[in-house]
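Before we start, here is the structure in question, set down as structure tokens.
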Amino acid sequence: MKLMVINPNTTSSMTQQMAESCKRLIGPDVQLSVVNPTEGVASIQGRADGIAAAYYTLRLIEKADKEGVDGFVIACFDDTGLQAAREVASGPVLGIGESAMYAASVLGCRFSILTSTQRSVHILEENAANYGFSQRCEAVHALNIPVLDLHSDSSYKLALKRSREIVKQDKSECLVMGCGGMTHWQESLSKDLGMPVIDGVTVGLGLIESLVRMGLKTSKACTYGYPIK
Amino acid sequence: MKLMVINPNTTSSMTQQMAESCKRLIGPDVQLSVVNPTEGVASIQGRADGIAAAYYTLRLIEKADKEGVDGFVIACFDDTGLQAAREVASGPVLGIGESAMYAASVLGCRFSILTSTQRSVHILEENAANYGFSQRCEAVHALNIPVLDLHSDSSYKLALKRSREIVKQDKSECLVMGCGGMTHWQESLSKDLGMPVIDGVTVGLGLIESLVRMGLKTSKACTYGYPIK
Amino acid sequence: MKLMVINPNTTSSMTQQMAESCKRLIGPDVQLSVVNPTEGVASIQGRADGIAAAYYTLRLIEKADKEGVDGFVIACFDDTGLQAAREVASGPVLGIGESAMYAASVLGCRFSILTSTQRSVHILEENAANYGFSQRCEAVHALNIPVLDLHSDSSYKLALKRSREIVKQDKSECLVMGCGGMTHWQESLSKDLGMPVIDGVTVGLGLIESLVRMGLKTSKACTYGYPIK
Amino acid sequence: MKLMVINPNTTSSMTQQMAESCKRLIGPDVQLSVVNPTEGVASIQGRADGIAAAYYTLRLIEKADKEGVDGFVIACFDDTGLQAAREVASGPVLGIGESAMYAASVLGCRFSILTSTQRSVHILEENAANYGFSQRCEAVHALNIPVLDLHSDSSYKLALKRSREIVKQDKSECLVMGCGGMTHWQESLSKDLGMPVIDGVTVGLGLIESLVRMGLKTSKACTYGYPIK
Amino acid sequence: MKLMVINPNTTSSMTQQMAESCKRLIGPDVQLSVVNPTEGVASIQGRADGIAAAYYTLRLIEKADKEGVDGFVIACFDDTGLQAAREVASGPVLGIGESAMYAASVLGCRFSILTSTQRSVHILEENAANYGFSQRCEAVHALNIPVLDLHSDSSYKLALKRSREIVKQDKSECLVMGCGGMTHWQESLSKDLGMPVIDGVTVGLGLIESLVRMGLKTSKACTYGYPIK
Amino acid sequence: MKLMVINPNTTSSMTQQMAESCKRLIGPDVQLSVVNPTEGVASIQGRADGIAAAYYTLRLIEKADKEGVDGFVIACFDDTGLQAAREVASGPVLGIGESAMYAASVLGCRFSILTSTQRSVHILEENAANYGFSQRCEAVHALNIPVLDLHSDSSYKLALKRSREIVKQDKSECLVMGCGGMTHWQESLSKDLGMPVIDGVTVGLGLIESLVRMGLKTSKACTYGYPIK
């Protein structure tokens, strides 16, 4: 089985970090590539960035689909270009935002999302509504740390402090890390908070592997049919 | 990893059929039991049946949780007792209705459900609304064949005919089989319809395996805490 | 006219208290029994408790229906087993949660609910959504006093203090007491707060009496048809 | 106890018919007046009519409130001026549309409304949404007979025919008669259809009697406070 | 092109103030009248006031429609009698509440409303829901200054202070002034807050002018057909 | 005042047709450009096409914003890249889908949309939900004629026939033409159907002109702030 995780921005250090998180999860029969487009934007902060990132990500998926990749994960929490990607791919495509919200919704009765910057809050709220998770998603909060600064120790400390406040205020039962650049915090944050903390990158990979294993593919019936050339 | 699929009714032939569908899916490190309670109801037709079935199913889960089962699938499309089961279990618990609707929602932009009898329609509509899938679930239809008669060839023919009508009328892009007793139809129905057909039993098993593999557990923070004795 | 109020837990002191509240309300032609099952759980804290309580409550209703009881009130604010009970009974069946929310929705434009423990909050939110009262129900709050400790004077003082905070914060115009064990507070809490305070037990009884008096019965058309043996 | 049912249009024959339906329901301690304003419109067909009717209905309620009437029913299915009436009255005020939808929602899992003319359909849909009954109200249909022609035998035959079609098509489990001028059909329509048929006039009267008996009044906390002169 | 802005209350000083705001906006070919009914209420505080105001406003519109007025703006933020007015007029009719919410929804991703008194809050929330702006409208707040006292300097200072708090707390991106009597604050409040501040009176006038210029009229197909005499 | 209407696909004949419709509408002080990107897709059929079109459309807007264009209309009914465009522009930006749905929602109580192909239906349903028009938009229908074939006479005849069926079936009170390539049908379709028919291109232009005239701009407070380079 060939799977692909795509970081839609061009920052390869972030892609590498995702690859670290992913590699301990996959089954022995899975060939996994974790990649990013070489053109587009260094980080996705808002919807204009999202369109540039999606434009180049679709090219990657189109090519990989022809090379026989069986399933895809779009590893930006905004789920940049997710529905468009389903038109381009034959196999299933998941976004890490959608995957994390789904997992959170089955593990606790309500969850909160902690994302990097305020600018993404409305995008995630709109996504939650479109996926049907509005009633489960108590609130989306911003850490107010830019995506590319999330790797530092001091960022983790701030994130933990903020998470504790959020969980108390929202009475949330799961915390969703709302950015692909937070994947390395999952284990410690979960331990420190004492409740499930969801990382979309690994959850998305786990879910796509299981969908592919069951032989499920994207429906080509109409909306997600291949683009008409 | 120990997983358990529970058919909440007492009809062991149906349990066996589910075991058949499940066994070709699991990884080499998975110990799977497919079981049913020995007390309760022979089939679940309505909410009163559902409460009796849930009562005995919870006992099974309680016991299995102590014996170290890591994750559970409740294999009735009504998701009988699902949230209560999350209180009783440490590991994650999925219902086949919820799992199938999730899978359908990521493979196509809208789906229809074909269940066995009209009596279940309102239950499934209410579940779809509670899970957040109302916008994706175009309609729930009844085949009007009792659960325990679904194994016959003539039932399949009727189901295929009805599915074709439904897909046309609803413009649905995935069909969800809305009963645990339809699991053996998945492959042929999918081929005959030419679109993804979702069987909750196998999808639920695939998803629970992936959640357990990621180390995710039910949040014990509040709502799904263990029952207070 | 024969009416039955059922406390679904096994604590008969609570049942007695409900009987006290009920007896001053009924018309001269009403034969009222206020009862509880003898098996099940001492108090309902969460959904697993709810299923055990519902299981035994349904047996009581089934028997009473055969003995000619004309209408039923399920006197747990979670409305444990309410829809299932409608399958079993010929006459109308009301839950006290549903009844209280309805009354609150016609007396003021928005209400708050004060329940006993945090664990019930999600259940009540989900019920409010399913009954259609989400827009009217500003919030559900927990007093954080276990059901069986609600009878004490100090509990009342805490409840009054908390109610005042809630009304101010939520700008609510009615307060709904979200637990069958609070029925004895209705009069004083209403006077102390200076606004309508709704007790589901007495409201449920009043509403069921009026539905029965009009000759209305549960529809047996499909979903609430009698269970199929 | 003093109760008042107000037909908000000026057609006294319709008021008389309502009085007929009401008189067999009330308790021995109830003084009931069934009245209509003498100015306004002969029938309410649309929202402009509704405002004229409400304007004069509010004057009636204001006067009756001073004379000690304890509870009010607004007997037009549009619930003309309902929320405004709650500002003017001390006691509770119910509309027949709201009351009928509530009753239908507890007797079956979904209902349909049959109103007189197409023009009222959007008003009733908007009311159903505002009351929270959108999920329960499958559809609103028009008989296409003007309100003042509903008394004839041929109208009943048309109504029965249309009701049978509606129930089949909508899979509804209760039928709500969506006009105050249909009150005399309740018994025969219910028998002929074999399912609960709800008449808002009698249901509204029954419910208001029970709310008044419990000592409940309109909240004067804010929104429904008395008008500021 | 003849346009009419109607202040539905009888306070002509407020009407004059609106006329001031309007006059700098209209095209050279627009004949604008800004009027109020001479009977009704001095200010609209609640729904009973609203019905009296609407009653007399409809008479004004009826007359103006015959005299060839091409489009109408109802200049009370409650949009008093808006849908009824559409029955009476041939041309398009807009409310200032509806117009302001629309404009806010296209200029920022979420907005807050600041209205005069708490009593209007529920009306505006209900309107926002009916227009479909619930997800965009973060909250409705009351300044707690009666409509007729809004002209003073101290009122402006209070409004500015409250607006700053609201914008911070709600993370709103536009502020909507929720009362026709605030129209003179638009320019300074917008400058002082540093974000779009929406005044329904001028926005409503701009929008109605553009609808009339395009030749669009109210649909007389059914719901908004002329009243039947 | 400088306004720009952008056809986001590369088909300049379609752009020209839009320019025709627009030119009779604008005020004497308006400088209007109607343009299309030269790279991207010839027509937008689905979301992958939409991302390519949006990518090049954003470049156009970015450039025009620097050159002092005061307001923008994105003239594809999918509102391709609309929210992203609001980040890039200082002035207001409207989509033709959003504009047409708004206009329809104030002219009648419910509308239907007729779009070109089935593939766009889900996109428009999702947009209607996100804009808040789900309750007003009865249904989205496809004419099943590709965008680039809409100019022929036979297409108009089909569209008229289909529109008549839709209006009858949906009981819609306005018809919305759900494609920028239908703009030339507005006048005749409106006359032939006898009800308002909404063309998003001209409505969008009228609305943007009025917003700009009032001095309103896109909020740069957070979500629609300029992209961070």
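So that you can tell them apart, the chains are marked A, B, C, D, E and F in the order they are listed, and the count of residues begins at 1 in each.
FYI, a contact is a pair of C-beta atoms (placed from the backbone, for glycine too) under 8 Å apart; a residue touches a chain by one contact, two chains touch by 3 or more.
Predicted model only: the values in this text are computed from it and were never measured.
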Both-way neighbours, i.e. chains that touch chain E and touch chain A: C, F
Chain separated most widely from chain C, comparing mean CA positions: F
Self-contact between copies chain A and chain F, residue sets same or different by half: same
Intercentroid distance (Cα basis), chain E paired with chain D, Å: 31
Separation of mean Cα positions, chain D and chain A [Å, integer]: 51
Centre-of-Cα separation between chain D and chain C, whole angstrom: 26
Contacts with two or more other chains, residues of chain B listed in rising order: 83, 109-110, 118, 121-122, 129-130, 135, 171, 222-223
Chains grouped in pairs wherever the two touch, ordered by label: A-B, A-C, A-E, A-F, B-C, B-D, B-F, C-D, C-E, D-E, D-F, E-F
In the complex, chain A residues that touch chain E: 118, 121-122, 129
Residue ranges of chain A in contact with chain C within the complex: 109-110, 135, 171
Complex contact set, residues of chain F against chain A: 45-52, 54-55, 58, 81, 83-85, 87-88, 118-119, 121-123, 126, 129-130, 222-223, 225, 227-228
Chain F contact footprint on chain E (complex, rising order): 25, 27, 83, 92-94, 98, 102-103, 105-110, 130-136, 167, 171-174, 194-196, 198, 202-203, 206-207, 209-211, 213-214, 216-224
